[in-house]
Structures are given as structure tokens and as C-alpha cells.
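We call the chains A, B, C, D and E, going by the order they appear; numbering starts again at 1 in every chain.
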Amino acid sequence: METPEQIRDRLLARFPGAEISVVANPAPAAQHSLLLGHAPAVEIARFLRDDPTLKLDQCSNVTGIDWPEKEIVETTKSTVPDPAGGPPKVVETKIKRIQPGYLEVVYHLYSIALGHGPVILRLRTGNRTDAVTVPSLTPVWRACEFQEREVFDLFGVVLTGHPDLRRILMWDAFKDFPMRRDYVAPDDYEWEPTPHGDVLEKAKRHYPVPPAAAPVAPAAQEAPKA
Amino acid sequence: MSDNPSAPTPGITQQERDELRRQGILLTSIQELYTWGSSHSVWPLNFGLACCAIEMIAASMAKFDIARFGSEVFRPSPRQADLLIVSGTVTKKMAPQVVRLWDQMPEPKYCIAMGACAISGGPFKQGYNVLKGIDRYIPVDIYIPGCPPRPEALLHGLVQLQEKIRGFKLTGPDAPRHLRADLPCDYPVPEFGAHDLEPPANPDVWKAPVLVRNEKA
Amino acid sequence: MSANDFSPLAPQAGSHVREVHDPLHGELLEVSMGPHHPSTHGVFRMIVTLDGERVMKLKPVFGYLHRNHEKIAENTTYLGSMPYTDRLDYLCSMTNNWAYAIAVEKLSGQPVPERAEYVRVILAEITRLLNHTCLAGFLMQDCGCSGTPLMYAFREREKILDLFESLSGSRMMCNYQRFGGCRVDPSADWLDGARKLTDNYGRFLDEFETLLTGNEIIMARTQGVGALSPELAINAGVTGPMLRATGVNYDLRKVDAYGVYSRFDFRVPLGAHGDVYDRYMIRVLEMRESIKILQQALATIPAGPIMDPKAKLRGFRPKAGEAYGRIEGPKGEIGFYLVSDGSPNPYRYRVRPPSFVNLTVLEDMCLGQTIADAVIILGSVDIVLGEVDR
Amino acid sequence: MLGTGLLKGLGVTAKNFVGSYHDPERYTTIEYPEVKPKLPEAYRNFPFLVTENAMDPMGTLRCVACQICEKECPPQCIYIEKSKDKKPDASGKMQIYPAIFDIDTSVCMSCQICVEVCPFDAIKMDQVFEIATTDRYDALLLRREQLAKPNSYYQSIHPTEAAEVDGRLAADRKAAEEKAKAAAAAKAAAAKAAAAAPAAEAPKTPPPAA
Amino acid sequence: MNAAFLATLSLELLPAQLRDMVTGWLPEPWRWLVNSILAIAVILASFGLLFAYLTLAERKILGRVQNRPGPNRTGYFGLLQPFADGVKALTKEDIVPRGADHLLHFLAPVALLAFSIMTFAVLPFGRNLVAVELDAGVLYFFAAGAATELAVFMAGWASHNKYSLLAAMRALAQLISYELPLLLSFVPVIMIAGSLSTQEIVHRQSGWMFGFVPQWHVLTPWGFAGFAIFMTAALAESNRSPFDLPEAESELIAGHLTEYSGFKYALFFMAEYFGMCALCGMAVTLFLGGWQAPLPFLEFIPSYVWFATKMLTLLLGFIWVRCTFPRLRIDQLTRFAWKFLVPLALINLGTTAFWSLTSGWTGGLQIARWLVAIALVVIPFQLIGRKLSAGLGPRTYRYA
């Protein structure tokens, strides 16, 4: 099978002006992926499906990933010549930078006809709040239908062009997107006999407030863990 | 069922029997017939939720054969069922349907929470869509821990339930739930809310106890 | 049909022909089947629009067993997710374990000793026997048998579960595979037990087939029902026996040749009609091939360590990166997609559930059939809700 | 001919009906409450804590409250509170012990990971499964006292595994003793050497603690 | 008239003697009424008991076929199981859905049970043991039997449930489809017997061929075909597997029973078994020689024992079929009735006519008569059967 770089080059020749880049995967699996821009994504997908040397006729897996915005501290080292004439000093400058968050949809493509794969496509949203659309690939691969609905349901990615974009796993009146990293689960930690970590913090809210007269909680009651 | 008053009947002590004799021989006989019939003919609802359902099916299969207890009649319609075996994780999306099924069953009805998930949410209890125990909405008679419990454990639970039914009285505090005026007979079905079920628990049925840790240093 | 003019969203010719509305037809009846219904194999729900008994529209509703496996896995360690994979497809915990182990091994580059690979193949094929036998039983239950085929299937299942239990300690939730090997080394007695099971399984299948395969009622109920075209099946991501029943030769054991499958001699049965009967028969024939694999694997299993000595149990932290690992589960391609950020917990953990994706074509198969057919079509897809909803 | 398949099917069911009276292959029921199932050695249900001495279960817990199992437990059903003091363990070494050790069996998924990660062979899997109860809270939250079971019990349910564990522990203990002996010998030797040193030089430092 | 025969006769006449003991002292005009009430009571009691143990037998046989014992803990060998079920059913809450038609919802099980009990009136349980001697007994039987399906429809309609409604529709389709082959299959019997009276039909089957082969209708080619069609249609009429479509569990939850609880459900269950018993009893009467012994030297056993034995055998056959077969689809069910059973039953009429016309043939012609009649049964069965199963069959599979 062609390498992702070769596929990118071929795609760029076929779709001039398209944004396509290769995202390297440092894991031993070395399954590198192609990051596509929004505009011709559906056409590119169709090309990948029908191209005789690739024939990626099966879209195996579709999933979302949430990348919340995070603070990145970049350390740049620069050599500053010592004005006193001594050896040049190495000065570290730390630049704090907010990397904007985005949501990502990942497609794993295989070829049943030729028996190769995977070719991995990635589509990214602009941010996590108002620009959360990516084009849907369901018109190309029917396999994406339910899985894209799931991405919409759990991550809140709006897949434009999907024929039936509704919640699939949660109920329709549900408002949150639970697979996002910043989702706050409803508070039902009334009975947590073995809490630790986050659960302990949540369970503590339900511990009986010791009466003012007795500032020390009786031993019989839940003793919050130190 | 026997005429000999000294014959021990499982679940009924001599003292309780004497108490009932005072209430009247007819009532006692009816009560014994009633508890005997109910305990030997517990028809479960053909209702599986998750992994434990497979073990529930296995319990009705040849090796374990729940039919020996007269309980192989898995009725698909709640109207004819006596026992709701909550066999598996109850998700928040599923909880209203489980409560509705419970409401649709005719009294007297019993509920077994089979497996960790049905009791408390089990290994999935930290999930956002998982109900932490079906007893937040409906009263549970027998809890069978395990993940999943062996089919024998379910049979053991069923035997425990039969014992419990045999211990019922027609009047007084040992009466079955539907004969007692102080217990609710109506279990409102929770609604789907924007973030969680509303209400998150039925306060008539469930109240979290205060945890007692007998700390001994 | 060439790939170019194939549009997956257009109704397939022949798969359903919607009758023109005529005044003699009465009103359509909308029936909600499930989540509590005897034939939905759990808490699946279908909203079926019926014209008389004929299915005009069928919308599946999921999520009644959505227990947040992926979210929980992102908050626990890599090892801690292993017992949760047992509970995905709770009939085939061994193959789920294997798929997850393969994905993590791809992510971390962990090698697996040879004996462990053989043990994995043996357990996966026994799991395939288990799953397909149970499926045949459930399918016949949906056809209206009063439990007899299901009982025979579960009689054999108990024998397999006894093997699983004596090896891993649990009947269903084996939690047996580890990254870089398996948890326990099977003893010689255990392997003898597996050999005995393998040798007797063919006889059970013969009797099972005498009861069912030639039965005229079953043929009438299943042949020509729920036919699926290979083009739609490929495009809709259908995998496993359901795909092969349409005639597409695609078996990951041959294509990816993961584990040590390339060393065994076995064939891949292919259907021609893609209907319920084909799906049932492909599974029966696959079981016979599995018996062949088992016999070869049990005869040639090498001695050696069962765990890679460098494999880590606690404090397992793969380097940042991602991997998608997949195997041919009994229900189809089961894959795990893992993204690591170098911490002990996966950053993103995703299960590619075969039966969930296979359900994509449920409506296409059911349209124009009767409600009784819809039930057995759903049965022949072989869903387990733990995996569909996760 | 139409109907032959049906007749063959009737034949199979008839064979099973007759077989159920004489063939154990075709009558597989175990009369459970009277006949207990034969559990394989590997069977696991819920964890228990191993104690060395059945007479003093709380005093001889192998557990040293290291809290590894609490952290590794996937469903987080273990709760441990360390003791503030130290008590001698079975080998007489001063150890921290669990002041509170609770396992919520209404959550436990019997995955055995606590057993695998325990470096002290202190927690093992039990085989009791007849635990259906009417009380969700107290009966299912197992405390230290309910969890502690003697080593002899462990020997009886998992004989092979227990023998291996005991062998390993004995070897460890022996090694530790030898090490201690060697250390003591070294100490003694050092002390002797120090004593044998010229008297003019006063002993500067006490021998290093072993 | 030897002593043995006399002894037989006393056993044989035991029911009548018992009845006379009870009612003999009554004045003549009252005697008839009390006799009838007594007959009703005896029939209800014995068939009630039969129903109870039939359910147990079904559960135990199903168990044995499935390699397990079945109910065995309630009383010895589970013998009290049906009574436990009965007690429980009586004490269950009775639920009527809010949108249901209350009157019809109540009437349906009552009507169903009433109609099924009515059919017992004309069954000859033994020599001179019939509750009502009707000249058109067979007609009465099938008229009352057909009304049961109406009650099923009532139940489905009144329940205000979509599944029940579908079941009601199925029940009607099934009724219309299977009433015809059921009726056509016994017309030959009437042609041969020349009477619609059940007693008369049984009497016509008395006597022995070659001194030991009973002259039952089932032992003739047309009779065998008629019996097979009758039993198939009877399976469908009594909603038994593989024709249990109205209560198809895997499709329609419990069909018309979905909304019935407690004792009403038990009534339905009872009526189903009563209907089954009645149809089996009618099959025995029409084709299996009624209460007659199968071999001459067995005639000392009372006639009602023979009737019961034959009926139980047929009932066990019903259970055996239920253990084995899956269910048909509704269109296949109707197609099977219209395209297979009805033509065969019609051809069987011709066969019977031939049989009746050639009753004078003897010697070699007798053999020819048998051969022609067998051919008239087998060849249409093969031809129509092949047409019915066209396109179905075992397949061969290729391997990659």
C-alpha cells in the first residue's frame, strides 16, 4: 500500500489547493494519518473509495476525540553573548501559549477488495464551542451513519450532510456531550462506601453536616479520608 | 398444608403459628395456602438487561434448570409475571422502562436485583448514564451480588425469595407489600431531564443510609 | 453495479419495494418493539411502521445499555480496562480481551511469546464455537422453537464454560489476556479437556443440524428472507459472518493473519444469497472450520513462557501515540482505537463494535418483510447489546 | 419428500427424551440446593484477606495497607485506612496494618486484579457465592472482620496456588532471615573489628545500622 | 357371554350405575335435569384435572426433551405444581388496561372457556357415555369450536394493545384458513358413515378385518390422509406450535394474552387445553375408532379407558410437536392451508368417493382398490408438496 505521504501527494495533485497534511504517529504501530481540510473532504473520501490503487471501500471505525484548549509552555533556548566578554550565556525564555481546543473526528479506512489498510483520515473542528462542524462522510460510506451519530451525541460535533443527525445513545432531551473532557456528571454520590480520588470529593458533599454543638464528628459517621 | 399442627413449616415458627391460630383457623389455612402457592409458582418476567441476563438464561437451561422450582415459565408480558429479575446494568435511559414494567406487573410481585450493576451500578457506577442501583426507584426483595452471579447463585436467591414469601402473613407488619397501607403501591416513572433523570431517586423507596464505619485502631 | 454509481443511501433495488399507496390500504400501524421485548436480545428497540404485517419503516433506537465503557476506560489504567472488555460482548469475553490486548501491544510494541499466541488462538476459536452455537439457539428461539435448540446450545456452552472457568476462574468474564501474553498457563489437563471438547463438538453439530438445517419450516422461514447485497454490505461496514454470507471473501484471520493464524489450514465458507439461512449456515460451517483450527493448534502448541518476561503489569505507561488494533471476532471485526498521551490512562479509548455497525443495514434488510421476519433478521445479525451500546 | 426434515427433527427430540432417562450426556441437571457444584480450583468470586493465625485474625493479617489494590481496583470498591501505629506481623516484624479495610461486594466485579497486583499475597479470591441477601447496605459491604479468613481456608480452596504462595513466602522469609543473620554477622564482625581496633582510637561511630 | 365379559360389562357400566345410584330415587321429570348437571360436573372435574396434569406433563416432557427434569419440587415429583400455579393465579391482581373495553375484556376468557366446554357435550367418551346425543353432533362440535377463535379476537380487540390487535387479526386469518381444511377433512368420514351423530360414527368403525385388524377409518388410505389433515388443522385451530401465531412469543409478546393477568389468564390457558382435548377427542371419534379397543382380546378393558388412552396419545403428540418445531409465518400459514391442505382435502373427497363406490370389489380387485386409493393420496401429496416447497431446499456452499 502507498504511504500516507504518497497518498497526500496524489491527492494534492488531484485536488489542488486542498489542505492535506500527514499527522505522524510516534507509537510503534506507526499508523500515520491524513489531516483533511473541510472543503473537499467528501470528494477526497469518494476519490479514496473509488481510486483503483487504493479502493478503500470499507470505513471501519469512526470516532471523535476531544482536545480541550491547553496551556503550552514552550521553552526556547537562545545563546546570548555575554557583554562582559565571558563565554556566551544560554538564556531560557518561557513562552506561555494557549493552544486552542478542537474536536477531531477520525476515520479508519480499509480495503476489502485489495486487503490493505488502514488509511486514517482526521477532520478537525474550528473550536469546541461555536465552530463545531465537520463534513459528514456518510454519503460516501454508509458505515459512518450510526458512528457519526454517536460522535454527534457524545462529543457534540455537528456533521453537516448527515441524513439523520440525532442523538443515538442518550435520550433526546439530554443537553450535554458526555465524552468531552470537561463534562460534569450529575451528582448522585449519596451512597459511596468505598470512595477515594475524585469520587471522595464528590461524595463528601453528601456527608451529614456535623451539628454545631458537636464539632467533632462521631466516630460512627463517615470519616473523610485524609 | 399438613393437618398436624406440630409439623414445622419452613419459614413459620410455632410461635407465629400459635399467634395465627388465635386470629382464626380459617385465616391461617388461607394464609398457608396462599404463601405455599405463591412461593412455588414464581413466574419471572422474560426480561434481560445485560451480562447477567445470559446467566439468568443459563439458570433456566438444562444444567441448572430453574424449572425444578416451578419458575421456568418466563412470561414475556409483565401482566402474567410475578418476579422481575433485574439482570444487569440499568442505564438512566432504561430506568423509566424498568419502572414502567414494574408498574405493569400485578400484585403480588417481587423483585430480584441480580448482579452488581442492578444493585448499585456495579463496576459501571461512575458512568454518566448508569443508574446506581434499581432500588432507587423500585423496592427490591433480594440482592444477589456477583459480576455476574453464577446461575446457582440466582437459584439460591430464588430459594431465599421463596422463603421470604413463605414468611408472609396476611395481616400485620409481616404482610406482603401490597397488603400494607403504609407502603406506597404506586411507583412514579422518572422523566428524562436535560442532565439527569427527574427525580434522580424515588424518596418513598430509597434513602441513602448513613455509613457506619466501626473503626478499631 | 460499478462503484461509481453506487450510492449507499439510495434504496437498493430488490431489497425493499415500497408498494404504491392505494385506497384499499388502511392506516399504517406504528409499533415500538422493545426495549423490553422477548426477541430483541436485550434492551434494543425498534420503532416499526407496519402495513398489516409488512414492515414499511424500521428505526432502531440504541442506548438502553449505554454504560459509558469508553468514558470509564479513560479514567482507569490500561490494565483496569481489561475486565471491562469482558462485559462488552459478554458472550465472547476471550476475543474481546484479545482485541484489546492486540491494540495495546500495537501501541506499546510489546512482543508476545509463541505459546501465548497459540493459547489465544485456541481460546478465540472456542469462543467462536460458543458464540455461534448460542446464536443458532437464539435464532431458532426467535423462529418460535420452544427452547429446545437453545437448550442444546446451552448444554454445549456449559461444557465450554467449564473449560473457561477452570482456566480463568470465571464462567463469562474471563479477564484472561494480558499485554504481552496470558494470565495463567493452561495445564496439560486443561489442554486434554479442550481436545476432548473439540473432538466431541462435531458430533453435537451433526445432531444439531439434523434437528434444524433440513427442517422445512426453518427453510421456509429463513430462505430468501432479509437478503443483503454484497455492495451494500461492504459500504455499510458490515463484517464477520454477515459479510461472508453475502459472498464477500473477507476474513481478518486470513487478511491480517494476526497471531499465528497463518500456520493453520482452514477455509472460509462463503454464502451466495446473503439471507438469514445463509447467515445461519455460514456460522455452522465456520464452526466446523474452527474445530479444524482447534485440532491443529492443540496438536502443535509449543512449550515456553506464557508471558513476555519484560511485560509490565503495574505502572504500564505507553509512550504518546495512537494505535488501532482489530481481530476477527465471532460477530465481525472488533477493534480498539487507543490514543495515549503518555499517562497511565488512555487519553482516548474507543471500541469498534461489530454488531453496532452491522445494524446499519437492519432497516434495509427488513423493509418489505413481515414483522415475524424482522425478528429473525435481527436475530441473524447476532447482536449483543453490551457491545452495541457499550 | 416434504416433511422428512420435520420427521428427522422429531427423531432428535425423541432421542433426547429417551436419552434423558439413561444417558448422563442427555440429562445434565445438577440438583443444586442439595448437590453443590464442583467448583474448579481457579474459581473466583469475591476477595478475602489472608490471616496467618485463625485465633487472632485481626492481628495477623498479611495486609500492610499499602493501598496498591485500592488504587488499581478498576471499579474502586476497596477502601483502606492505614493504622496510625505499627503491630508485629506473623514474622514478628513491625508493620502498618489496615485500620479499615472495606470491600463493597455490591460493586466488585471479581476481576482478580487486586490479587495480581498485591505484592504481599495478602488478598485472594474467595469461592463463596451463596450470598443472596435482603439487605443491600450492611450485608454487602464487607468489613475487615468479615474479609479475614485463615491461610488454611485459602489452602483448602486454591490448594495449588496456595502451596506456591506458601513456598514463595517461606523462601522470602528464609532469605530475609539469612539476610538478617548475615547482617547481624556483619554487624558483629564490624563491632568486633571496631573493638579490635587500637584502644587509643576511641570508638567514633556506632556500627551502621543493618 | 362368559363371566369375563360380564365382569367387563359391570366395569363398562360403572359410570351409568353410579349415576343411577345418585339420581335413581328422584322422580322421573327431575332425573333428566340432575343427570345433565351430573354429567356436566363430571366432565368439568375430570377435564379440569386433566388440564392440570396436562400442563405439568407438558412442562415435564419439554424438560426431558431438553435434558432436564422439569418441575419436581412442589409435592412428590412436582405433582402439586399445577395447584400451586392455580392458587397463585387466583390470588393475583386483575388488571384491566385503562383504554380497554371492560366488558369485552372480561367476556373474552369466559366466552372462550364456555365454547370449549360446550364441545365436550357431544364427545362419546365410552360406550353409551355421551352427554348429549345429537343427530348432528359433529356439526354442533365444529360450530362451537369455531366460536373459540371469535373469543380470541374479542380478547385481542378489547385489550387496547397493538400486539393484541395484531394477534386478533392473525387469529381471524387463521380461523378462516384452517376451518376449511378441518371441515373438509372429516367430510369423508360422514360420507362413509352416513351420519352426523358421533355415536353412530364410532359404531360404524366396529368390527375386525381378518379377525384382528380394527376397522378404524385411519387404517384406510383416505382415512389416514383425512386424519393427517385433521390433526394438522387441529394444531392450528388450537393455536399450538407450529401454528401458535396469535400468541407468538418472539414477535407479539404474548399476543392476545398480553394484557391479561391473574385468573383471566389462567382461564385462557385452560380453554386452550380444553380446546386441544376436545379436538383430540373428536379425532379419536372420527378416525381412531372412538372408544373401541384396538385388538379383539383387549375388549375387556372398559371403553372409556380406551378413549382416554387414545386421546392422551394424541395430546402427547401435540406436546412432542411443540418441543421440536419452530413457528410458521402468517402468510406461510395461510398459504399452507389454502394451497396444500384444502386441495388435498378436496382430492381426498374424491378418493373417498372411489373407496365408497368400490366397496363391493373383492379378491384381486380389492388389492387394486387399495393401490389406487393409496396412489390417489400419495401422488397429490408429492406433487402439491413439491410445488409448495419450490425454491426451498438445502444449499451447498463454496469456500474461499
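Rule of thumb we're sticking to: a contact is a pair of C-beta atoms (placed from the backbone, for glycine too) under 8 Å apart; a residue touches a chain by one contact, two chains touch by 3 or more.
Computed from a prediction, not measured in an experiment: that's the story for all the values here.
Undergrad: What is the set of chains touching both chain A and chain E?
TA: Chains in contact with chain A as well as chain E: B, C, D.
Undergrad: Going by the average position of its CA atoms, which chain sits the greatest distance from chain C?
TA: E
Undergrad: Using C-alpha centres only, name the chain that sits farthest from chain D.
TA: E
Undergrad: So which chain ends up in the middle if you average the CA atoms?
TA: C
Undergrad: When the C-alpha atoms of chain C and chain D are each averaged to a single point, how far apart are the two points in Å?
TA: Measuring from centre to centre gives 35 Å for this pair.
Undergrad: From the mean C-alpha coordinate of chain C to that of chain E, what's the distance rounded to whole Å?
TA: One centre to the other, that is 44 Å.
Undergrad: Give, as an integer number of Å, the spacing between the C-alpha centres of chain E and chain B.
TA: Here chain B and chain E have centroids separated by 40 Å.
Undergrad: Averaging over Cα atoms per chain, report the distance between chain D and chain E in Å.
TA: One centre to the other, that is 63 Å.
Undergrad: Which residues does chain B have that touch at least 2 chains other than itself?
TA: Within chain B, residues 46, 61-63, 65, 68, 76, 93, 120, 123-124, 126, 128-129, 133, 147, 150, 209, 213-215 contact more than one other chain.
Undergrad: Hey, what residues on chain E touch two or more of the other chains?
TA: Chain E, residues with two or more chain partners: 65-69, 249, 253, 323-325, 389.
Undergrad: If I count partner chains per residue in chain C, which residues reach a count of at least 2?
TA: 37-38, 63, 66, 68, 71, 83-84, 87, 148, 151-152, 155, 158, 173, 211, 213-219, 389
Undergrad: According to the definition already given, which pairs of chains are in contact?
TA: A-B, A-C, A-D, B-C, B-D, B-E, C-D, C-E, D-E
Undergrad: Which positions of chain D touch chain E when the two form their complex?
TA: Against chain E, chain D makes touches at 1-3, 6, 9-10, 12-14, 16-17, 19-21, 26-29.
Undergrad: Help me check something: in the complex, which residues belonging to chain C touch chain D?
TA: By the definition above, chain C touches chain D via 76-77, 79-84, 87, 148, 152, 155, 158, 162, 165-170, 173, 175, 183-184, 207, 210-219, 313-314.
Undergrad: Considering only the defined contacts, which chain D positions touch chain A in the complex?
TA: Touching chain A: residues 70-71, 76-79, 81, 102-104, 107, 137, 141 of chain D.
Undergrad: Can you list the residues on chain E that touch chain B in the complex?
TA: Against chain B, chain E makes touches at 59, 63, 66-74, 78, 80-81, 83-95, 249, 253-254, 257-262, 265.
Undergrad: Which bits of chain B are touching chain C when the two form their complex?
TA: Listed in rising order, the residues of chain B that touch chain C are 46-51, 53-55, 57-58, 61-63, 76, 78, 88-89, 91, 93-94, 97, 101, 117, 123-124, 126-130, 147-148, 150.
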